[in-house]
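Next, two complexes with chain A in common: one pairs it with chain B, the other with chain C.
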Partner chain A sequence: MIEIEDLTVIYRTREGKIRALENINVDIKSNEIFGIVGESGSGKTTLAMTIMGLLPRNGYVESGSIKVDGDDILKLKPEMARMVRGKVISLVFQGAMNSLNPLLKIEDQVAEPLLIHRSTNRGEALRRARETLELMGLDSFTWKKYPHELSGGMKQRAVIATAMIMKPSIIIADEPSTALDVITQAQLMNILKELQKMARITIIFISHDFPLVSEMADRIMILYGGKPSEIGSNRQILSEAGHPYTKGLINSVPMISARSKPEAIPGEPVNIKNPPAGCRFKPRCKMALDSCGSYDYSPKIIEGDHMIFCKMFEGGKDGRST
Partner chain B sequence: MNEFQKYLSKRVLFAIVSVLVIISFDFFLFRLMPGNPILIDYRSPALTRQQIEALSKQFGLNLPIWEQYVLFMKNTFEGNFGISIFYKQSVSSVLFPALYNSLILLLPATIIAIFLGIFTGKFAAWRRGSASDGVVTGTSMAIYSIPTFWLGGIFILIAIKTHAFPVSGMYVTGAVYSSVFAQLSDLLDHLVLPLATLTLVLFGQFTIIMRNSLIDVLQEDYINFAKSKGASDRYILNKHAVPNAELPMISIIAVNLGLTVGGAILTEVVFSWPGIGFLIYSAINARDYPILQAAFVIIAIVIVLANIIADILYSYLDPRIRYQ
Partner chain C sequence: MVEALSVKGLKKYYKPRGRFVSKGSFVKAVDGVDLSIPEASIHSVVGETGSGKSTIGRVVAGLIEPTSGEVFVQGTDVFNSSKKEMRDLRKKVQIIFQDPYSSLNPRFTVMRIIEEPLKLNKIPFKSDQITEILRKVGLTPPEDFLNRYPHELSGGQRQRVAIARSFVIDPTFVVADEPVSMLDASMRVSFLDLIAGIQRERKISMMLISHDISIAYYLSSRINVLYLGKIVEAGDGEEIVNGPLHPYTKALIQSVPKLGKIEKKSVDIKGNIMTSSSEITGCKFRERCIFAIDICRKKEPELVEAKPNRLVACHLY
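Take a look at the complex of A and B:
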């Protein structure tokens, strides 16, 4: 459904070029929830923005392709790319609290994609906006309200309603629950899951919160310093993790039932402006070898589509992607 | 009384209090200046000591200062600004024609500058970081930092060399007009240079304010979210960015109105425009307390009113502060 091949994204900065994403090869299947986990600077938001075609001015795609149903969306002319945004792929934003324009009524903002894509007239657009809001559990008293009059959870539902209204085939949810309390967060996750089942949508779920992603996602990609560490199904990642970083993430999650204390991964996140040669996790890795400095990110593929990007696993079945 | 009326009456009450405070300051401010109008009268050889004392008594300047203050407040409330010490006629008959002349210059200048400024500010903000942004912002900054009198002086120099426009006053001195249109065209001729000066000075400022305000807004999440809905650049700019960027513009314009009057003083003096700024300038030289007090009361009321209007506009445009 979405095939990302050899994607490299670069930011131009005063200190030179930053390679924010490299060696990204992944297939996202139809109607799955695909989780992307990574700490800040791992490139997860850059990946979301690249798929949306909304990279900041100083960012550009150096190489690679992103094919949606066979068409490379990176090659679309700006006017065509605009037709994809909001209609085929829509976005639920990081910091949804600020995703709504403070000067416009909720229903007008939810109806906006319909009017932008000239799908229908204003009356009909508003009717469908209200319908979608209702579906999201926001009843009529919220429709004519302004964003500041709603709670964080309500605003986030309104944002999801906006993303849903064009019935897109893909929704990218980038840290959708940031700044929400845990209860609201849990409700929101249930809504996303239900929507995904009901409307047959592919959801790309991006978060730094590993336990949250592992609860949500069918398959998970773990990013570190702009490169992949491990890609696999939920089960493969949680119980058959191979990469030391994935294992570190799993061990750092506090468990009520476990007797052992959670273990933090030592060291600082990678400085993406000046990354180490070879494996980017090497400076923090307990099992690092000298040869990790020359690792070229060719994955080890285990049973089907479980991929591990680690020097230690190299030499087995080799291949760039399946 | 609905919420809005409650809000409005509270706002007007605050405005009255601030005008009261300003009027009191107004009274003492000019009396703190060295010299007084009577001393200036002493320079005249035509006046005897007795005449001067009689004058002083007539204007109440021999009374203790607090009595003068009480008298002044009482008169101001009755709408009586007194008699000009210099012009020897009622302050209102000097002040209001001058105010009218000022408005002829100030209103078009401010309106043109606001619209031009919003337009170029939008242009620069949308192309931020590009060469055209650099040119627009650099030019605006240069115009903004040029002293008004210097810019006026340059215009006068060019006008005198080319005989393009009159450089002083509102009308040709002593002219008799065949029709209203002839008078109007003479006025417009005289208006060109001071209007250009004042508009340019304000324009630079408004461009910079609009540009910066818009650049802030363009970094908001809701702008990115609008992009993710598939909106075009023009749509995002006009529907989402500009309405939000205009909010700070409104309050800044209202606050800057005081500076506008200040800028007008310089422009009016340079071009001998018989407005309120020019009047203030000559009244300061003559220590004409009644004129100065009245002029400052009027300016204060204008600024306070402008702020009320800005607040009402704001509460109309921004749902977040509606009826609070």
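Take a look at the complex of A and C:
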């Protein structure tokens, strides 16, 4: 469905070039929820923005390809790429509930993508907007309201309706629930899951909240400082984690049911303006060896598509036989 | 024994402004709250946006005046004391804010930010006190940070500066208002450990405010659950988390993300906090409650002792 190959994205800044994403290789399958976990500076939002063609002006793709159903959207003519992005992929922004236009009624807002992509006339667009809103659990009472008249959770649903109206096959949700209360967040997660099953879409779910991603995703990629740390199925990541960072994330969750005391990951997220040589997690890693300073991120493939990017598992493409 | 915090019948009503507001209507942000925190312990107030939890924190820290009710911090009446008593109290009470981006003056260096509370309270100090507190909050070596400005720091480092600023005057009572909610999830535990470490070492009393009951559970011994300005359940943290009584507390606990894939999260609650209005009769939670019965519409439940050391405001008990 989406094949990302050797993707490197760079920001030009006054202090020089920042390599926000480096050598990302990942396949996202149809109809799965693919989770991306990372903290500040991990490159997770850069990845979403690159797929959507929304990189800020100082950002550019240095190398690599992003194939959607076989076509490299980085190489398509701008017009075509815009078509793909509008019709096939939709984005639900960070702080999505504040991304609604305060001057537009909810139904007009949801209908807008149809009109922009000239798919239909206004009457038909409104009819489909209402249909989609209803699907999202927003009844006629909300259609003619303005964003300020709705609660956070309702706005969130409206934003997802806007993303759904083009009937995309892929939705990218970048921290869709930050700034929401836990109860609203849980309700939103249920909506996304239902939607995924009902409309058979692929969801790329991006968050810094590891437990939240673990509840949602079929497969998970863990990013650290613009590089992958570990990629695998939900079960592989949670029960067979190999990378010390993944283990750190698992152990640092303050669990409400378990007695075991969570253990913090020491240090601060990596400063990608000035990353350490070799493994970027090295300064925070308890298991670090001197040789980690020269780690080249060649993955260890454990089983199927479970990949670990760590010196301890030292490279090579054949896993178990070694 | 004098308690660290004693709040009785606290109410804070806001009069909405604007032309389209009916006369005599109030937003009841806090509507009759009693709290008490013994010395050297951490108690928490948990609730969603709009529950009034931050308002309580601000009243307790003396930043805003209540509509009615009394607030005693370590024996001093926060809103009815002489100037001298208030000056002494301000040296003992500190607040840690949620957002390290807006709570630090961007034009001050780290040194100036941390000196500020000492200077304002006319507390004599030596420069090693500043380096000492920086070291304590994990900004090492301190010399590297003294002359930096907030924009040169990461979000985590900023929050460390904010914590250093709160603890530098040796407060005996601290209000921590969502101290970790702006931080990456992977760093929250280390900050909670940092705060708890200083608290234990100096025997500070603390009120933690959080929307996340798992954070309250981790840090505090007693949890007070707030809904639309009223406490709906209060008790020992361990007991509440393992056996919540109020349907709202149950929903809060169910909503916390846990490790492991799930098909559907069961959250036994309807709508959201905007669904309820403080104007409705009976129980303010009833429109969101899946257990609501007839009496919930007629009579507002009182906060009663449902079992030893547990208060609940619900007709089911």
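We take it that the second predicted complex is superposed on the first by the 313 of 322 C-alpha atoms of A that agree within 3 Å, B and C clash if a C-alpha of one lies under 4 Å from a C-alpha of the other, contacts with A are read in each partner's own complex, and residues count from 1 in each chain.
What we mean here is this: a residue touches a chain if its C-beta (ideal position, glycine included) is under 8 Å from a C-beta of that chain, and two chains touch if they have at least 3 such contacts.
In this text the structure is predicted, and so the values were computed from the model without any measurement.
J.: Give one of first, second, both or neither to describe whether A:G86 is in contact with chain B, with chain C, with both, or with none.
T.: First partner only.
J.: Looking at A:P113 after the superposition, I want to know if it touches chain B, chain C, both of them or none. Which is it: first, second, both, neither?
T.: Touch status of A:P113: first partner only.
J.: Looking at the overlay, does A:I272 come into contact with chain B only (first), chain C only (second), both, or neither?
T.: A:I272 sits against neither chain B nor chain C.
J.: A:L192 in the overlay: touching chain B, chain C, both, or neither? Say first, second, both or neither.
T.: So A:L192 meets neither chain B nor chain C here.
J.: Have a look at where A:L103 lands relative to chain B and chain C in the superposition and call it first, second, both or neither.
T.: After superposing on A, A:L103 lies in contact with chain B but is clear of chain C.
J.: Does chain A have more residues touched by chain B or by chain C?
T.: Chain A has more residues touched by C than by the other partner.
J.: Let me test your reading of the model: by the given contact rule, A:V9 touches which partner, first (chain B), second (chain C), both or neither?
T.: In the superposition, A:V9 contacts neither chain B nor chain C.
J.: Would you sort A:D181 into first (chain B), second (chain C), both or neither based on which partner it touches?
T.: After superposition on chain A, A:D181 lies in contact with chain C alone.
J.: So in the superposed three-chain picture, is A:I204 touching just chain B, just chain C, both, or none of them (first/second/both/neither)?
T.: A:I204 contacts neither chain B nor chain C.
J.: Examine A:L21 and indicate which partner it touches, taking first as chain B and second as chain C; both and neither are also allowed.
T.: neither
J.: Check chain A for residues that touch chain B in one structure and chain C in the other, and list them.
T.: Common to the two interfaces on chain A: nothing.
J.: Given the complex with chain A, which residues does chain B contribute to the contact?
T.: Residues in contact with chain A: 129, 220-222, 224-232, 235, 240, 243-244, 317-320.
J.: Using the touch rule from the top, collect the residues of chain A that touch chain C in their complex.
T.: Touching chain C: residues 39-40, 151-154, 181-187, 189-190, 193-194, 208-212, 214-218, 234-235, 238, 248-250, 252-257, 262-266, 268-269, 271 of chain A.
J.: Write out the stretch or stretches of chain C touching chain A in their complex.
T.: Of all residues in chain C, those touching chain A are 48-49, 154-157, 184-190, 192-193, 211-215, 217-218, 241, 251-265, 267, 269, 272-275.
J.: Tell me, which parts of chain A touch chain B in their complex?
T.: Listed in rising order, the residues of chain A that touch chain B are 52, 54, 57, 82-87, 90-91, 93-96, 98-103, 112-113, 116-117, 146, 148-149, 159, 162.
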